[in-house]
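Labels run A, B, C and D following the written order; every chain starts at residue 1.
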Amino acid sequence: MSLTPEQQAEIEAQRAGGAQTLRAVSPGMEAHLYKAHEVLDHGFVRVIDYMGDDAAICQAARVSYGRGTKSVTNDEGLIRYLMRHWHSTPFEMCEVKFHVKLPIFVARQWIRHRTANVNEYSARYSILDREFYIPAPEHLAAQSVVNNQGRGAVLEGAEAARVLELLKADANRAYDHYEAMISQEGQQGLARELARMNLPANIYTQWYWKIDLHNLFHFLRLRADSHAQYEIRVYAEAICRIVADWVPFAYAAFEDYRMGGATLSARALDCLRRMLAGEEVTQESSGMSKGEWREFMGVIGRG
Amino acid sequence: MSLTPEQQAEIEAQRAGGAQTLRAVSPGMEAHLYKAHEVLDHGFVRVIDYMGDDAAICQAARVSYGRGTKSVTNDEGLIRYLMRHWHSTPFEMCEVKFHVKLPIFVARQWIRHRTANVNEYSARYSILDREFYIPAPEHLAAQSVVNNQGRGAVLEGAEAARVLELLKADANRAYDHYEAMISQEGQQGLARELARMNLPANIYTQWYWKIDLHNLFHFLRLRADSHAQYEIRVYAEAICRIVADWVPFAYAAFEDYRMGGATLSARALDCLRRMLAGEEVTQESSGMSKGEWREFMGVIGRG
Amino acid sequence: MSLTPEQQAEIEAQRAGGAQTLRAVSPGMEAHLYKAHEVLDHGFVRVIDYMGDDAAICQAARVSYGRGTKSVTNDEGLIRYLMRHWHSTPFEMCEVKFHVKLPIFVARQWIRHRTANVNEYSARYSILDREFYIPAPEHLAAQSVVNNQGRGAVLEGAEAARVLELLKADANRAYDHYEAMISQEGQQGLARELARMNLPANIYTQWYWKIDLHNLFHFLRLRADSHAQYEIRVYAEAICRIVADWVPFAYAAFEDYRMGGATLSARALDCLRRMLAGEEVTQESSGMSKGEWREFMGVIGRG
Amino acid sequence: MSLTPEQQAEIEAQRAGGAQTLRAVSPGMEAHLYKAHEVLDHGFVRVIDYMGDDAAICQAARVSYGRGTKSVTNDEGLIRYLMRHWHSTPFEMCEVKFHVKLPIFVARQWIRHRTANVNEYSARYSILDREFYIPAPEHLAAQSVVNNQGRGAVLEGAEAARVLELLKADANRAYDHYEAMISQEGQQGLARELARMNLPANIYTQWYWKIDLHNLFHFLRLRADSHAQYEIRVYAEAICRIVADWVPFAYAAFEDYRMGGATLSARALDCLRRMLAGEEVTQESSGMSKGEWREFMGVIGRG
């Protein structure tokens, strides 16, 4: 990504301000405010506003549990306790608003998370810019041969070159024709809301996206996961780094209990107990399907 | 649209069944079940399942208001009362599930309605079909000259021909290249989740979409409105006709109080009272902006 | 209400702080932060945190509508336009968090608004305080004789005195027995989660309640309305005064288009056009029921 | 619970009907329709309507994943796969509507689950019945001495008798006074919306509650859990038995992966791998707090 001089100037103007507030302030988040974190070739994520910090999570929990939280001596321990026991409402008391620029096919996955507020750039009203996502050569992956939704090895040589050539040429041609159709020089000009249908799914759009911390963690668990598509995962990872600076205790608990954790079924727990008791358990004696057993082996480090 | 013989056979098989149920049954809706209502050139809407009927709305209202609803003598009157006073929860007690085939740029507007359940065809897992929305000549509208989001006159002659030619050629070329990139003949084949980015926004997708009646009415009020984009409005209108057969009293109340009604501001009500008292009110003496005044004149039939 | 010295000291400590922030700051809201606005006899509403201001609404709208919003010359006009056309997503970009102390029967109405985040004081973990809502004599209303859900005239004399006496005596006796049951002096002591069932619905609870501005306006339209129960209306009115200081343009638009406005049905609009054309329309010739006609007369100032 | 003869007759009338439908029918659920499953002393749960079955879940998944689901040979395997990988949207395609009668303190916990539709009996409009939850002696538990939110041993002898006496007497006195206050014999009669505030939290209310299967499973995981309060757990358990008959494959997967499963943190997984490799891991060498370690021991069967 290269921000335009106008965008860079706008960010600097936003960061030049500053005023007094009585609200909770997260110093780690103030350092991020308005700055554009580059993602993919033309995309970015930047924090526009936030509400709350680690202390705000604890404050809300203490309203709920009253004296019940007195026994937990510090904020970090309380936050770990809340995360471990799925007490999600205190995490909902923090809120964050991002400005995101992203390809449309990523936006289509992203929007499936419904518990968020969105204002997207409208191609009914306005004209989209000529910016398309073209994968870097090292992300030009083949279809997986074992998994319908996965990626396999990276494409090589002539095949890779051909794909890049097609993606670039089609995107540019589609945009040329978009411009030609809406042009009002010497013709009426097609309605924008119709002309946009000619543009491919790798064109960039942008939106403001606002979400509470509990639902953001849910989004991150799914989208920063290694099974998520690379092009949305890099956005999730950029957000992870921001959240780690915003609410360090909550983010550390999220990493331990969610990102780094795993859910085991009743069958898996039964196998585990037998294994710890010295029994040699096999897929056949586990009661699990082959796929489940393979995943279970991965979780306990025998994959 | 032309359903494939396989699709037609599937629908006939679904309608050939039939079983006894103790649940509320809407005869008007049973007649629609599974049938495909054609929309645009390749799209459709069909009802897959439903829960409740006009009586179910009243039954829920009577649980809430108890004896308070006894004074309303019949279901139609009760439903009109509920709609008029924005008592929305009884309408939430009905649910409907549709199978919809629609262009991606329409799907992107549609999904903005968050209070619904969606299962969309995944182009990460599967290969999209070669079907694109190409507007009929009479819907090939120019950009409005008075309204940033609107449509103006229909394009004519050479300009219209050129637009149709571009849309068709670009869609087909993009699909040819999509097929070429994912092909595994003599090459590895690009991952589907990447190749799809080359496809334009007028390609068709499909989904199952489930929503309660209250939220469906909200969707219909916005999308069956004359200001909605034509390509989503025709889907909303098809759904309106289905809902009218499903819950006739509720739909009639919706038409009277929502689709055919209007909300007036405090300023507009003040003007109205002055006009009814014989005063000659003008935009200047109304306190409204020019845009507001124009809309107000439209509402009271002087537009 | 009388805040305890501890509560008063806590509020003063919260307001004594202050730090620099780069976020949007609403001076009107900073003046409210943490202060307790008294409601009913022991309740209060106080702002704990907020995100955004009038400018943040416009900023989000401009992302969506791009150049489409350039023609609207100022923020106030843009906000009025958004409110008039039910463009709700920009208002969702503001968020507010309240600390509310309220009787349980009010909390039960309040919680029906689902699009909000809540952390309530838990009577499973902690012991409730001996504080009950006892209506002031002027709010001790009789059951309406015309409306199942309404209030009629104020109770007088001996009847009023008897009601107040019963409410006070029952509440205190219930609380005495609550204390006696959970006491661990000379006995095991009943579990708190069970003992609480003896307490009446006028005991006070408290919660943190966080909501976006669009959904808050929806709450206020229903609960600051003259048909809302007095005991929740006074909370809504206190919040209205706070919101007017937080986002003055948005609140003014809300007052004009929502609180002071009215929705007319297709039938009502038809009558209106006939009346403006000089016709003498009666309930009989209106096509409306008696109830609808009475409400319509009220809206146009002939009630 | 003892249903009144009127209620019993109403249920029989509802079950006497029956009509043809083309919709998916679950025979297991048809057998439950309208019947009242008794819960606590006066409460019940009964199914009023439902949408979908196990096959409907698979049908929705196959729309999403297309050919990706062809490799899974049968519905049961597909449903287990969806549950294991948190693919929640196909489960959202089933919906169920219950009629529930429950004490108000249970209703207050229940309503915290926001993703559902509710129509509750209104004590503003109507008069509540004289029915209170009085615990059976074996559920009259003492406050836990180790856990702020838990229950300890059952109360015995004189203490138990005294508690029951207080609960009964206070409830009846409160109801007597409620009746006295709203009575219109020889007086105006207090408004119902005010008089209800005198009633304790163990009085019964009732509502219609509609929810999709994914969110219902989330509710059941929390409320059928052994840490949930007994009085809500028995409702959750009654619903579990109904759901097992409605969608047998989905319910079995839920039992294996959610109810009987457990989530382990990154730290716990690390310990597990060390233990399986033969290392003697202690709380001190685990990196976990005492509470976490105790819970971990429980999960792996060493508690």
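Note that a contact is a pair of C-beta atoms (placed from the backbone, for glycine too) under 8 Å apart; a residue touches a chain by one contact, two chains touch by 3 or more.
On a predicted model such as this, the values are computed, not experimentally measured, just so you know.
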Which of B-C and B-D has more C-beta contact pairs: B-D
Shared interface numbering between subunit C and subunit A [over half = same, under half = different]: same
For subunit A paired with subunit B, centre-to-centre distance based on mean C-alpha positions, whole Å: 29
Distance between the centres, which are taken as Cα means, of subunit D and subunit B, whole angstrom: 35
Inter-chain centre distance, subunit B versus subunit C - centres from mean C-alpha coordinates, in Å: 33
For subunit C, residues contacting two or more additional chains: 65, 67-68, 118, 122, 125-126, 148-149
Subunit B residues within the subunit C interface of the complex: 65, 67-68, 71, 77, 80-81, 84, 86, 148-149, 222, 255-257, 259-269, 272-273, 275-276, 289, 291-292, 295, 299-302
In the complex, subunit A residues that touch subunit B: 103-105, 108, 111-112, 114-115, 118, 122, 124-126, 133, 135, 140-144, 148-153, 155-156, 159, 163, 166-167, 170-171, 173-174, 177, 180-182, 184, 187-194, 196-202, 229
Subunit A partner contacts - residues on subunit C that touch it in the complex: 14-15, 17-25, 30, 33-34, 48-52, 56, 59-61, 63-68, 89-90, 92-93, 95, 97, 99, 117-122, 125-127, 206-208, 210, 212
